[in-house]
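One chain, chain A, appears in both complexes that follow, with chain B as partner in the first and chain C in the second.
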Partner chain A sequence: MPEIAAAAVARRGLDPRSKILLVLLVSLAVMSPGGLLFVPAGVVLAIALALSERAWSRIVVIPVAAVVMYLLGWVLPLLWTNPVVTVVAIGCGYLIRFVAAFGVGAHLIATTSPTQLSAALHAWRLPRAISVTLAVMLRFFPVVAAESAAVLDAMRLRGLAGATGLARHPILSMERFTVPMIAASLRASEDLSASAILRGLGSRHVPVSLDPPRFGWPDLMLVLALATVAAASLLLPNPLTTVIA
Partner chain B sequence: MTDTTAPAGAKSARPSFSLRFSARDLTNVAIFAVLMIVVTYAIGMLGILSPLVWLAAVPVSVLVNGIVFMLFLTRVKHAGMVTLLGVVVALFYLLTGNTIFSTIGIIVLAALAEVVLWVGGYRSRWAAIWSYTIFALSFFTPFLPLVFDRENYLQSPSFSRMGEEYVAGADALATLPVLGVLALAIGVAGFLGALLGSAMLRKHFVRAGLA
Partner chain C sequence: MIEISKVSWRYPHADKPALRNLDLRIAPGQFVVLCGASGSGKSSALRLMNGLVPQFHDDGQLTGTVTVEGMVTTDVELDALGLVTGTVLQHPRRQFFTDNAREETAFAMENFGFPREQIQAGVDANIADLAERVPVEQRLQHLSGGQQQQVAIAAATAHDPRILLLDEPSSNLSADAVRRLAATLSDLKARGVTIVVAEHRLRFLRDLIDRVVVMRDGAIEIEWTAEQFRAVPDDALAREGLRGEIRSPELAILATAGASALNPSPAAEVLDAALELVGIRCRLGGRTVLDLERAAFAAGEVTAIRGVNGAGKSTLARIITGLQRSAGTVRLDGRVLSRRARQRASAIVMQDVQRQLFTDSVQAEIDLARTDEPAAPDTAVVLETLDLAQLAERHPLALSGGQQQRLVVATVRVSGRRIVIFDEPSSGVDRRHLQSIADQIRQIAADGAVVLLISHDDDLLALAADRQLTLAPIARGQSASRGTAVGLTRPFEETA
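Entry: the complex of A and B
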């Protein structure tokens, strides 16, 4: 993947290690008891990261999802008291945490190449079995996504895709989708793993990275931004934890 | 670490407790971890429709992942691969925003599934089915915060407006029993998913030379 490596050198973002730490920190803060306090800060951070990599779809999706969760989970129960609304509200109070955590995690997945990830994990002395497997997984995601899209296209062409088919024959339509998807992905993975082994994946020598992880000024800015949003979420009034009168 | 000098292509016919993964083992674990995650997310996307569908989608993804897991077990050559699958899946979910409870739970359940498989000598069909039933319980781990952090949810503004008796009713009825039913449903779906997976294996993958 020379073009990806070239792009990484041309426009250096955050160090992969600080991205991983950021994701762990945000998901721990947001998911822990009382984590709703940090959800707005996490959402702001996720939008800022999406802006920094110019991922337009995420810039739209993250705020829309957060606002929908807020409306369903906090505003709607005030307007309409109903058991179903309450169940939906509890679900949204749970899911809004995922919006923040997933938004930050998506930045890591979208901007880290497999080589960068394995260099970062190697710098942390993680067992090789885990670091290599995680890096290979990152490489396989686009393959599986492409194969799934191809299977869905083929199903649509034959008129098998669609909600009515899924409702009428759930097991059959799951079989029609998953079996070709798995088979095609496995065949593609054979080629990929053969080429990876040829390039020295299983060798006992530790590969040297052309683009070694280095902490730089973007990481410093991230630390400052984190301190700012953490202080803001502790000091400013939070719409998720205050009762609307 | 012990596995830094893994020889490429170390394959033992007899299952052993060596943690020496060959490169082929690692790519196998990686592809099946990706397949599991993609299947889980693809079905979980249905949950965007509403949180109720989201709850119902969990047993469905357990069922479909049975196919992936049973196919994975045909490629397990030695001990440690199921645990490694659990570790990388758990780490991936941790990086995409899951709780630490869930991460630890997935790893522990994967290790238990590995033990069951090891007792069956890695080739027993029923050991494989029970192994997936245990592993499938890891799909319940994202709900653990609802068990441990319940007061926080019940004291949320949306709830406290409903009146005290409503909160009391929801506390007694809507949370723990529902979660228990969900856990049970996931366990049953795991067993059925393993049966479905081994049926699919015979129907499609053995015939196609992939198992």
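Entry: the complex of A and C
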């Protein structure tokens, strides 16, 4: 039962409030002007978090994406100068920041249940409208992901998902994907919201959590790790901000 | 106490009312079944009792009054009604808000602000009770349909409401799971909970029922007391489109070799047939989910694919249709087909057919699917036999669920695909529609296709299947897998 063990490990991991703060902090750091300085640290953090929850696909995807962005954005322009490469390089210079931000965000989404998220937001005394909205969004991600995958499967079987079709009729292809995806997601979400409202989600009662969030040693480790990578970012040479001679 | 007096209700944008002049009074502790064919209004009547009608549908038209535990349902907030009622919707997996049984049973009590000690005690009691029938530490999406149902009932009743409402709880359940459901409902009835069930299948509730209300076209047609109902013969139920005894299909077992088969045969005993699988092995998320040494499916036949959740039914469908990588080969008419070729040769009728309607009219949908394949039947004939000809200009999303399903079947038939897989096509359909779905499945097989039918519905299998292949989950280390290909991990396809 690997997934159960993994889930149990994740649940004993960081406090959801730490994860939310971490996502905000990393996003702010890497998206700000001069944020490239912190991108390697963000990527390392994202990989470490993926390792902690044994999310194998992310352990592979994050470093690969970062390396590809680096090659396209920094190395390729040195080897081959032309306008297309320049445009791609500028794009990758921005996208590499998203790799770090999304990597950390993915950990939050993968390891936080809607219940834990609302408990965390409640502990911060955030208004109900915000906490309920965010909890519903968190619950809705997997619904959309599952529906999208199913619609893509259906398109493949009808021969509608090919690259040639997309290139020849991009708008039509998008429409054929989005309309069923939204229709199916809406239908799935109807039961979900009906059931959640009837079971008091967003009601006037002050919610009580069975497991109130508590900071623990993993959160302390996170603070230490953050301090370390922040220091490293400032002190060590950074391949993204040093010009390759 | 539930009192419905002179209620009529029309859904927004509907051309006729779903409920007409409904009068119903349900005393505390009663067990009432609302039944009737699809579209008779039984689910709408149920939704009156928790306030979803009218509060969940803006712009619907309601006349008359509904009183539940002394509250007029239009005057109070939905959660006030939720506090005194528990609701289990038709698809339990769609209504879970968390991913494990513990959080799910705590959910309502947490939201209603119960004291923490009471939540803890309630969750402990529920989990202890569930643990006898459900692996409570598993993720909810990985449980079988019957287990999900048990969790949904526990989650709906943990805050101790006096009324429990269930919408078609037995759809998608195997005969075993239906028996467990009846036992759970019997316990709740013994605790004095008022229970209202909207259902097509009735016999399994025989010993619990206090009253049966048969609906037709939004109004009450017949009311039976418990004694009267027991005396009603099965053909009288059939006239109302109701399902009687669950038929246990007696299907010949398809000889299949491999660790995934519940009753494996030696590979040599698997006869040649149109669609052959050899050495199919698939690992997902570090676990072998499917291992079939050899299996063969004949053209013109319908093979039922059965087995508990996690046994690999969806994975098998995805491998055959070329949507999932695996080790091994798939041959059609003796030719090895690549994944791409399988995608071109096969079709799936999904459980949620909205996912596979891509255009803006019925005619366009058919045109998109049509091929020049000589084997494909004539479009006009297909539309006519599936009762879609007069709907040609309609938008597919504006059709009813049954019409959408028939439209997808029509696209499958005109595209002349050789391999056709039905994934739980009968969830929540009444007796009449069940027969029509079975006919469509038979017709596709008669066109010469290899048809696989994934279903838990014993009634449907009895009508539509020729043979069965029952899959079983592979225990760790049981499979002799080697050199397996690993595809991208997908969330478990939704099967009940």
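As a convention for this text, the second predicted complex is superposed on the first by the 233 of 245 C-alpha atoms of A that agree within 3 Å, B and C clash if a C-alpha of one lies under 4 Å from a C-alpha of the other, contacts with A are read in each partner's own complex, and residues count from 1 in each chain.
In this text, a residue touches a chain if its C-beta (ideal position, glycine included) is under 8 Å from a C-beta of that chain, and two chains touch if they have at least 3 such contacts.
Fair warning: this is a prediction, and the values are worked out from it, not measured in the lab.
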* In the superposed arrangement, does A:Leu234 touch chain B (first), chain C (second), both or neither? -> neither
* Go through the superposed model and pick first if A:Ala196 touches only chain B, second if only chain C, both, or neither. => both
* **chain A residues touched by each partner, larger count belonging to chain B or chain C** => B
* Asked: Does the superposition put A:Ala145 against chain B (first), chain C (second), both, or neither?
  -> both
* To do: Using the superposition on chain A described above, determine whether A:Ala129 touches chain B (first), chain C (second), both, or neither.
  => first
* Asked: A:Pro207 contacts which: chain B (first), chain C (second), both, neither?
  -> second
* Which superposed partner A:Val64 touches (first chain B, second chain C, both, neither) -> neither
* Please work out whether A:Ser113 is in contact with chain B alone, chain C alone, both, or neither, and reply first, second, both or neither. => second
* To do: Classify the contacts of A:Leu157 with the two partner chains as first (chain B alone), second (chain C alone), both, or neither.
  => second
* Asked: What is the contact status of A:Leu51 with respect to chain B (first) and chain C (second): first, second, both, or neither?
  -> neither
* To do: Mind sorting out which residues of chain A both chain B and chain C touch, each in its own complex?
  => 139, 145, 179, 181, 183, 192, 196-197, 201-204
* Within their complex, state which residues of chain B touch chain A. => 1, 3-9, 19, 21-24, 26-31, 33-35, 38-39, 42, 50-52, 54-55, 60, 63-64, 67-68, 71, 84, 87-88, 91-92, 94-100, 145-146, 148-149, 152-153, 156-162, 166, 170, 174, 196, 200, 204-205, 208, 210
* **Of chain C, residues touching chain A in the complex** => 50-52, 56, 77-79, 81-83, 85, 87, 89-91, 94-95, 97-100, 102-103, 106-116, 119-120, 123, 137-139, 142, 155-156, 159, 285-287, 318, 321-323, 343-344, 346-348, 350, 352, 354-359, 368-369, 397, 411, 415, 488-491, 493-494
* Structure fact -> Per the touch rule above, chain A residues touching chain B in the complex are 20, 23-24, 26-28, 30-34, 36, 73-74, 77-78, 81, 86-95, 97-98, 100-102, 104-106, 108-109, 125, 127-130, 132-134, 136-137, 139-141, 144-145, 148, 170-171, 174-175, 178-179, 181-183, 185-186, 189, 192-193, 196-197, 201-204, 241-244
* To do: Sort out for me which residues of chain A touch chain C in the complex.
  => 1-4, 7, 56-57, 113-115, 139, 142, 145-147, 149-151, 153-160, 176, 179-181, 183-184, 187-188, 191-192, 194-210
